[in-house]
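In the two complexes below, chain A is the common chain; its partner is chain B in one and chain C in the other.
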Partner chain A sequence: MKNTLLLALGLTLSAAAINGPAGAAGASDGDAERQARWDEIAKSIFGARKIEPTDTLIQIDAPARALDAALVPITLTMPDKGRIKGVHFVIDDNPSPYAAHFRFGPAADPGELRLRVRINNYTNVHAVAELTDGRLVEATKFVKASGGCSAPMGMSDEEAMRGMGDMKMKFAESQPGKPLEATLMIRHPNFSGMQMNQVTRDYTPARYIQTVSVTYGGQTVFDLDGDISIASNPVINFALNPAGKGPITVAATDNQGGRWEHSFTAPSPSN
Partner chain B sequence: MSARASRREALFGGLCLCCLPARGFAAEPLRLKEVGPGIFVRRGPHEEATPENGDAIANIGFVIGRDGVLVTETGGSLADGQRLRAEIRKRTDKPIRHVVLSHVHPDHCFGAAAFAEDAPNVIGHHALRPALESRGAYYRKRLEEILGPGRAGEVVYPTQSVTGGAEIDLGDRRLRLTAHGTAHTSCDLSMLDTESGLLFPADLLFVNRVPSLDGSLIGWLKEIEALKGLGAGRAVPGHGPAIVDVAPALADLTRYLSALRDETRKAIAADIPIEAAVGTVAQSERERWVLFETYHGRNVTQAYKELEWE
Partner chain C sequence: MRRVPSAALRGATILAAALLLAAAPADSPLNVPEPDGIWTGPQHGYTPATLAGATVVDIAALDALMPGGPLLLDVAIADRKPQNFPADRPWLPAHRSVPGAVWMPNAGAAPTDPAHEALFYERVAALTGNDKGKVIVTFCHPDCWGSWNAAKRLVLKGYTRVHWFPEGIEGWQDKHETAVIKPDPAWAARAAGDAQR
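Showing the complex of A and B:
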């Protein structure tokens, strides 16, 4: 695959397949440069707070090479879930690296979280967990991808915005006493500000989901601060605390004043 | 080694770029097959774009009529288009009146710049212009990263936009164009030679090379039915042999796309996440297609994105 390009398919796939310094910004950076970039980002988000590496408290599962740089699936696993207060996800070499910040509430089961992101360059991704005792721990993974933020959507802006704010929630089969797995889907183009408009040949202004708040029976599941690195039509997999009951509400806002609310009913556990 | 690095080395070596061994493909004449009277096709290899193949990977060709020539597909780079034009000129001095751009993908579009001096009627689906406006510059940049600066070719826009259908009269033969709904891409145009019944489905038909999904899976399966309705017996696929029997080729394509649809739906229903589905969906197709490993996972991703909202 060296120095080849999947042009027949085009778009983001081609970007993902480039394996040379010409095609992938950041591909040739050394470890020291990557570390320096992370140090700078970490300082801007966490100030002087210490961040300890961990192999156990949080783990990242991501493809070593993205199939689609505009939709890179990320799984965060936090086995010691009682100690997890929140998670920050950072894509170091993206134009806007701070991709997502989840703050969990009492109605969450923060053992696993899945989301889909855009990745613009060969980059380290960092997941920083905030523990209940106030400590910060981080895991990192290197992902090869390029062009995920600038890749055109393949449809007009109008088409991409159709149904904006629609939501779906799917639930895995639940068992009594076990966390209830849920998948939240939100229709939203999440324009990155780096995609060219088809008609004006100007860049489509960034329009992205800024906050998502999920509650279960009035209690917080999570509050999310999002950014342009979240893939279009955001999909988030999470789990609910089995002790919860009542309606699940989702409130989302975007950076252009869009505001949407939907309510869902969790299935009752099958015995 | 990157294209950029090789250029630098070439300049340091005092060589001109066009003499680089990697550009050898541009000097070789095309091997064409006459698939019907006055209908010539160059078969593209089942490869990805490389400096060596110059992105000359699609099936391209032309039709010679009484009043002029129609280019059925232009090629994947300026050089690919120039070679095609040279082959036309070896066979006829009739004017090159029409150039068909079958869809937005670079391996079909970037040869168009080679026909600028002919000032042809450039025919495309009505959705091709917006697609080129959105992706053209992006594709060109990516292609030049592979081939070298200036070697992709200008983005050429259609001058005749087709909605529904259109007919081109070359004097002694008429070619019927059909603008399809979103399928392989958002702007697929097929062409039928009404005299011989030969169909030019472009990338609506992949043969042997794994199909690439960049439009709509459900839409593609629907447009396959539309292609069948045209009643053609033989076709020049966008990728594959220069000419094939339509029925078995469409049957293979339908089998792949149906497996992709059905098994992606099953994965979604079973809460199998997208990252796992790319490794499990339609694996029975693995041995049947060239470049499966390279494209299939991406196809599953596209299918999943489309079907999860059903």
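Showing the complex of A and C:
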């Protein structure tokens, strides 16, 4: 038993070493600085609430090195989904670190969430799960990406805003009694306010999705509070409780008064 | 946009570009001519491979300079808080850079207020102890003209051991840990007019 524990500890430590920032010199200083940063952010979001580390209740999957810092795919896995009430996602070194807060309702199957974010610098990211018993648990991962918050979209603002608020929802093939996986796509530039027009040297004002509320047959799937750290044209993968039925509605708002609502029909399970 | 392609990708790009060199257009990464003096065009974009009067260094060359205690000048633009950013959300910008660097955000901007240019020269004179032969390294991010311009300004002012590190903070953090640094106080105190430009 003792040996197993030691082995597990050793594995955890070596995993931390692999995931940690590549520091030839002063790595421990760097780690302390990153921890202090996280403590500061955690305090600003959660106040004095205790956050316990977890290896099992929530896990983060993200590329160790992102191909595109403006579009970094994040997968959050919550295997013990009955205990998950909500999820906070934090990108420590982004100037606006608090990227997303999901609150799940009875029509959700909170086993897995996927979203795409902007990452400004080589950074730790944290996922904090809020449990049904009120506890907070955290997982962390180091991600190498740089410049995502200020990356221009490569088109004019007008083009980027075309069709703003349009939505699509795709469903994975459904099976009776199994969670129904859905992908919500919202057309919206989610301007960070940090993107500069290289010719005029003006900044495009921040215009980002502030809230997304999804319901299934009148019951809440999730409510999301968004941020400028979410990538343009937000894509969110989530799952619906198989017991639900009825129309799926999505209502989204942005920080400039935009408000959009769409309704979708879930496919009936095939056998 | 400071996305850094992987070394392999960059290598492949360079190889491909080398094969096409004869036909390379003026805006390709391999064929950017040095401007006549300070570059006043878009501050983000392909930069020249050279800087007359200065030495262009890669991370290995920078590592070799480090024991000599060079003056490290970071001119990266500061993260700009969106004007309409909600007051109730955390806004906690932290600038990560080469440990020990002096950060003068956007000191490579051009055109710029002559007073800011004068302050830049004043600060460098103070930081080098009026030694025009001091080893100086300027950097910001890849594809950032700011550090090219900052180095150029120093060359034009008669500094003799100016180095330009185009890989910038990304090149450094790929190999070493970074440190959170604050802007140089004297530079930060300048009129905020084009502080964000």
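As a working rule, the second predicted complex is superposed on the first by the 238 of 271 C-alpha atoms of A that agree within 3 Å, B and C clash if a C-alpha of one lies under 4 Å from a C-alpha of the other, contacts with A are read in each partner's own complex, and residues count from 1 in each chain.
Going forward, contacts are C-beta pairs under 8 Å (C-beta built on N, C-alpha and C of every residue); 3 or more make two chains touch, one makes a residue touch a chain.
From a predicted model like this one, the values you see are computed outputs, not experimental measurements.
> Once the structures are superposed on A, label A:30 by its partner contacts, choosing first (chain B), second (chain C), both or neither.
So A:30 only meets chain C here.
> Using the touch definition from the top, say if A:152 reaches chain B (first), chain C (second), both or neither.
both
> Going by the contact rule set out at the top, does A:113 touch chain B (first), chain C (second), both, or neither?
neither
> A:97 in the overlay: touching chain B, chain C, both, or neither? Say first, second, both or neither.
Touch partner of A:97: chain C, not chain B.
> Should A:40 be classified as contacting the first partner (chain B), the second (chain C), both, or neither?
In the superposed model, A:40 contacts chain C only, not chain B.
> Between chain B (first) and chain C (second), which, if any, makes contact with A:51: first, second, both or neither?
neither
> Just chain B (first), just chain C (second), both, or neither: which does A:73 touch?
Only chain B; A:73 stays clear of chain C.
> For A:228, is the partner it touches chain B (first), chain C (second), both, or none of the two (neither)?
second
> If we overlay the two complexes on their shared chain A, which of chain B and chain C does A:172 touch? Say first, second, both or neither.
first
> Overlap of the chain B and chain C footprints on chain A, residue-wise?
The overlap between the chain B and chain C interfaces on chain A comprises residues 21-23, 68, 147, 150-152, 196, 198-199, 201.
> Using the touch definition from the top, list the residues of chain A that touch chain B in their complex.
Against chain B, the touching part of chain A is residues 1, 3-11, 13-15, 17-18, 20-23, 61, 63, 67-68, 71, 73, 75, 114, 116, 147, 150-156, 168, 170, 172, 181, 183, 185, 187, 196-199, 201, 233, 235, 237.
> Contact residues on chain A for chain C in the complex?
21-27, 29-30, 33, 37, 40-41, 44-45, 65, 68-70, 93, 95-98, 120-122, 144-152, 192-194, 196, 198-199, 201, 203, 205-206, 227-228, 255-256
> If you look only at chain C, which of its residues touch chain A in the complex?
Listed in rising order, the residues of chain C that touch chain A are 1-4, 6, 42-45, 79-86, 89-94, 96, 99, 141, 169-170, 173-180, 196-197.
> Within the complex, which stretch of chain B touches chain A?
Interface residues on the chain B side: 1-5, 48-51, 55, 57-58, 76, 104-107, 130-131, 133-135, 137-139, 142-143, 145-146, 185-186, 203, 212, 214-215, 239, 271, 273-275, 278, 294-295, 297-298, 301-302, 305, 308-309.
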